[in-house]
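First the structure, in the form of C-alpha cells, and then the observations on it.
Labels A, B and C are assigned to the chains in the order they are written; within every chain, residues are numbered from 1.
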Amino acid sequence: MVTSIFPLQVRNACIKKSGTQIIGPIDLELLGEGCTVVIGPNGSGKTSLLRLMHGLEKTSQGIVKWNVPQAQAYASQCFVFQTPVIMRRSVRENIAYPLIIRGERKKIAMKEADKWIENVGLESSAENNAPVLSGGERQKLAVARALITNPKILFLDEPTTNLDGASTKEIERLVSQAQAAGTRIVMATHDFGQARRLGTDILFMYHGRIHETSKAGDFFPTPKTAEAKAFLAGEIVL
Amino acid sequence: MTQLYSLVSLFFLLNLTSSFAADMRLAVTTSFHNSGLSDVLLPELKKDLDLDVHLLVVGTGQAMKLGRAGDVDAILVHSKKAEEEFVQQGYGAYRREIMFNDFVLIGPVADPAQAATQKHAASAFSAIEKARKLFVSRGDDSGTSRKEITLWKKAGLEPAEFSASWYRAAGAGMGATLNTASAMDAYVFADRASWLNFKNKGNLKIIFEGDPILFNQYSFIPINTARHPHTKHDLAVKLENWLVSEKAQTMIANYKIAGEQLFTPNAKTH
Amino acid sequence: MNDLTEGLVAAFKLVITMDSDLIEISLRSLQVTMSAVVIAAIVGLPFGAWLSVTRFRFRRIAIAILNAMMGLPPVVVGLIVYILLSRSGPFGVFNLLFTPTAMIIAQVIIVTPIIASLSHQGLRDLWFNYHDLLISLNTTKWQRMKALLWDGRRSLITALLTGFGRAIGEIGAIMIVGGNIDHLTRVLTTAIALEVGRGDFPLALGLGFILITLAIIINLAIHILSRTEREGRW
C-alpha cells in the first residue's frame, strides 16, 4: 500500500525577501483530487504561492508539510513555469531528461519521450534543437517534460499567458487529460475564462493572502468577498 | 570530439619516451655556453663515454645555488673566490681547472671615452667613469659581474654609487646584457668567447684587451657526496677526466670563431 | 624591419627543411602544454561548474580569489615549484626537477585558475537560466553540474583555448623548473629566449612565428572539430 503524498498542509507560512513580506500568512490543506485554480490580480502572490507549495521558495515562518517524507514528496511533483525553461539540447532530450536523471536507461527514456512528443504534437520538431521552438511549442514541451514522470501533482504557473489561442487550447487539453488520468492540478492564471473551464475549486489571492476559497461552481456566479466580485467584474482591484 | 581525444592521448604517449644512456646534470655559466664550445664538446663526449650531459645554462650565482641544493651533479663556473668558498663550505668536492680565456672591454666604435688608449684595464674603466659614457653591467653577481666590480674598485671607484644616468645594471645574463649594450651603443664588460659568438654586435667592437688582470679561469667542481649522497659523483668524475684528457684539451685549443682561438686549456694532469 | 623579414625567411627555412631540432622542440611544446591543459581542465571545469551551482558562505571571496589567481605571475609559480621539487625541498625524492613533468606541474598551477574562472563565468548565466527547472526536477548537485557542463560546452571551449594560449606562450615558470636543457626540456619559448640571448634575432623571430602559427592551427582545429560558429543560435 503506497502512502498518498496528500494532504499537503500549509500552516502560517510566509515568504519574506529582504525584510519585505511577499505572501503570507498562508493556511491551506490540499487533498488529492481535482484542479485548483489560483486567481487574483497581478502582484497578488499567485506565483509565490505555487512556488511555496512546490518547495522552490523557503518559508520564513510556518510549515509546508506533505504526508510523506520530503524526498518522496519532491519526487512526486512537477512544475510548469510561465516562461518555459528550455535546455540547450534536442526536443526529445529535453523531454526525456527527467527520466534520465532518475536513472532510467537512455533507450527507454527516449521511447517514452517519443510517446509524449506524439501526444503533444511535436513530431516534426523531435530532432530539432529545442531553443528554436516557438512559444507555444516550448510550453507544450514543458508540459510533456513535466508529465513524463507521471507526477502525483502538477503545478502550472500562468502557462498560457503568452500564448496564442490555438496553443492555449492545446495546453488546456493536456491539463484536462492529465487531470482525467488522476494527476492533481494546481494552476495559477489571470484568465478567468480559463479558470472557469478547468477549475474544480478556486483560491482567490489578494495582497499576498488567500482571500477567498470556494468551489468553482459557487465562485463565479456568487463570489463572497467584495474584491473577488470586483475582480470578476473586470475592475482593477488595488 | 573523439578526434580531439585521440590527438590529446597521442601527446600523452609521447611523454613516455626515455633514453637509456647514463645521464648527469651539469650547471654551466652563460659565458661558457654562449661561446658555442659545448655544442662541439657534447657530441664527442657522448660518443666516447655514452654519457648524456644535461646542461643547465644559468648565471654563476644560480649555478652555485643549484649545487648547494644538490639539484645538479657538478658545476663549471669562473669565479675563483666564490668557488673556493663553495668547496670550503663543503658543497663542492674540489675544484679542477680546465681552461681559461680572458675578459674584454667592449664599446662603441667611436670610443667616446677614449678607453682604448689607456695602459691598464682599471684606467680604461676610470676613463669611462670620468667621461660618464653609457656602460651596461651584468649586475647579477655572476663571475663576469664580480670581475667587473673588482676592476672598478681597483680604479678606486665604488660601483654602488654610480649614477643610473650612465651606469646601467641590467641584472641579466651575458647575452641579454650584450643585447642591451648593442641597442644603447654602450660600453660593456664581457668574456671574449661570448662576444665572438654574439650575433648582434651592432656598432660595438673590442676596445680594450690584454691586461693580465683580465685573466678568466674556468673550473669544474663535482658536488660533494658527503653533502648530497644522491649526486652522480662517479659520472661527474668520468666527465672531469674526459675534459682534462689530451683529446678534449686539444679540441678546446682548436675551437676557433672567425679564426680566433677562444679558450686556452690549462688542466694539470695529476 | 629587416629583422622581421629575416625572421620570416628563417621560419620558412626551418619548416621547409623539416629541421629535426625544430620538430623536437615543437612537439615538446605541444606535449607539455596539452598535458597541462588536459589536467587543468579535469580539475578546473568541474570546479567552475560547482562554483556556479553552490551557495556557501565565502562564495564571493572565493570567486574573487579565483579570478585574481588568473594573474599569477608565471615566474613566481616557477620559483615556488622549483623550491618544492628541489632535492633540498619537500618533494625532492621524486627527482622531478628539470623534467617535462615539472614543467607540466608548473603550467597546471598557472592554467587551472584560468579554466576554472572562465568556465564559471561562462556557466553562471546558463545556471541562472536552468536554476528553477533543475531544482524543481529535484536534481542532485552532480547532475546539475553535468547538465551545465554539457549544455554549456561551447563556452567551455573558450576557457580551454584561453588556458592553452597562456600555456603555449609561457616561459617564466618552465625556464626555472625545466632548465631549458637541450634535447630534454627545451621548448619553443625557451629556445626563443636562448637565441635572443645569443643575439640571433632572426632565428628567434623565426621560432616565434612558428609558435604563433602553431597556436593558430590548434585554435582552428578545435573550432572545426567542435563545429563552433556554424550552427544556428548559440
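Simple rule for what comes next: a contact is a pair of C-beta atoms (placed from the backbone, for glycine too) under 8 Å apart; a residue touches a chain by one contact, two chains touch by 3 or more.
Bear in mind that the values here come from a model prediction, so they are computed numbers and not experimental data.
Asker: Among the other chains, which touch chain A and chain C together?
Answerer: Chains in contact with chain A as well as chain C: not a single one.
Asker: Which chain wins if you rank chains by how close their C-alpha centre is to the centre of all protein C-alpha atoms?
Answerer: Nearest to the common C-alpha centre lies chain C.
Asker: Taking each chain's centre as the mean of its CA atoms, how far is chain A from chain C in angstrom?
Answerer: Between these chains, centre-to-centre, one finds 47 Å.
Asker: Could you please state the distance in Å, as a whole number, between where the Cα atoms of chain B are centred and where those of chain C are centred?
Answerer: From the centre of chain B to the centre of chain C is 33 Å.
Asker: Where the centres are mean C-alpha positions, what is the separation of chain A from chain B, in Å?
Answerer: Taking the mean C-alpha position of each chain, the two centres sit 79 Å apart.
Asker: Which positions in chain A are in touch with at least two other chains?
Answerer: Where chain A is concerned, no single residue meets two or more other chains.
Asker: For the complex, which residues does chain C have touching chain A?
Answerer: It comes out as residues 126, 129-130, 132-133, 135-140, 143, 147, 150-152, 231-234.
Asker: Help me check something: in the complex, which residues belonging to chain C touch chain B?
Answerer: Checking each residue of chain C against chain B gives 27, 30-31, 34-35, 38, 86-89, 92, 97-98, 100-101, 179-184, 194, 196-201, 222, 225-226.
Asker: Using the touch definition up top, name the residues of chain A that touch chain C in the complex.
Answerer: Per the stated touch rule, the residues are 54, 56, 74-75, 77-79, 81, 85, 87-89, 97-98, 101, 129, 131-132.
Asker: Taking the touch rule as given, give the residues of chain B at its contact with chain C in the complex, in rising order.
Answerer: On the chain B side, the touching residues are 1, 3-4, 8, 11-12, 14-15, 25, 30, 34, 52, 54-58, 68-71, 173-176, 178-179, 182, 197-201, 228, 230.
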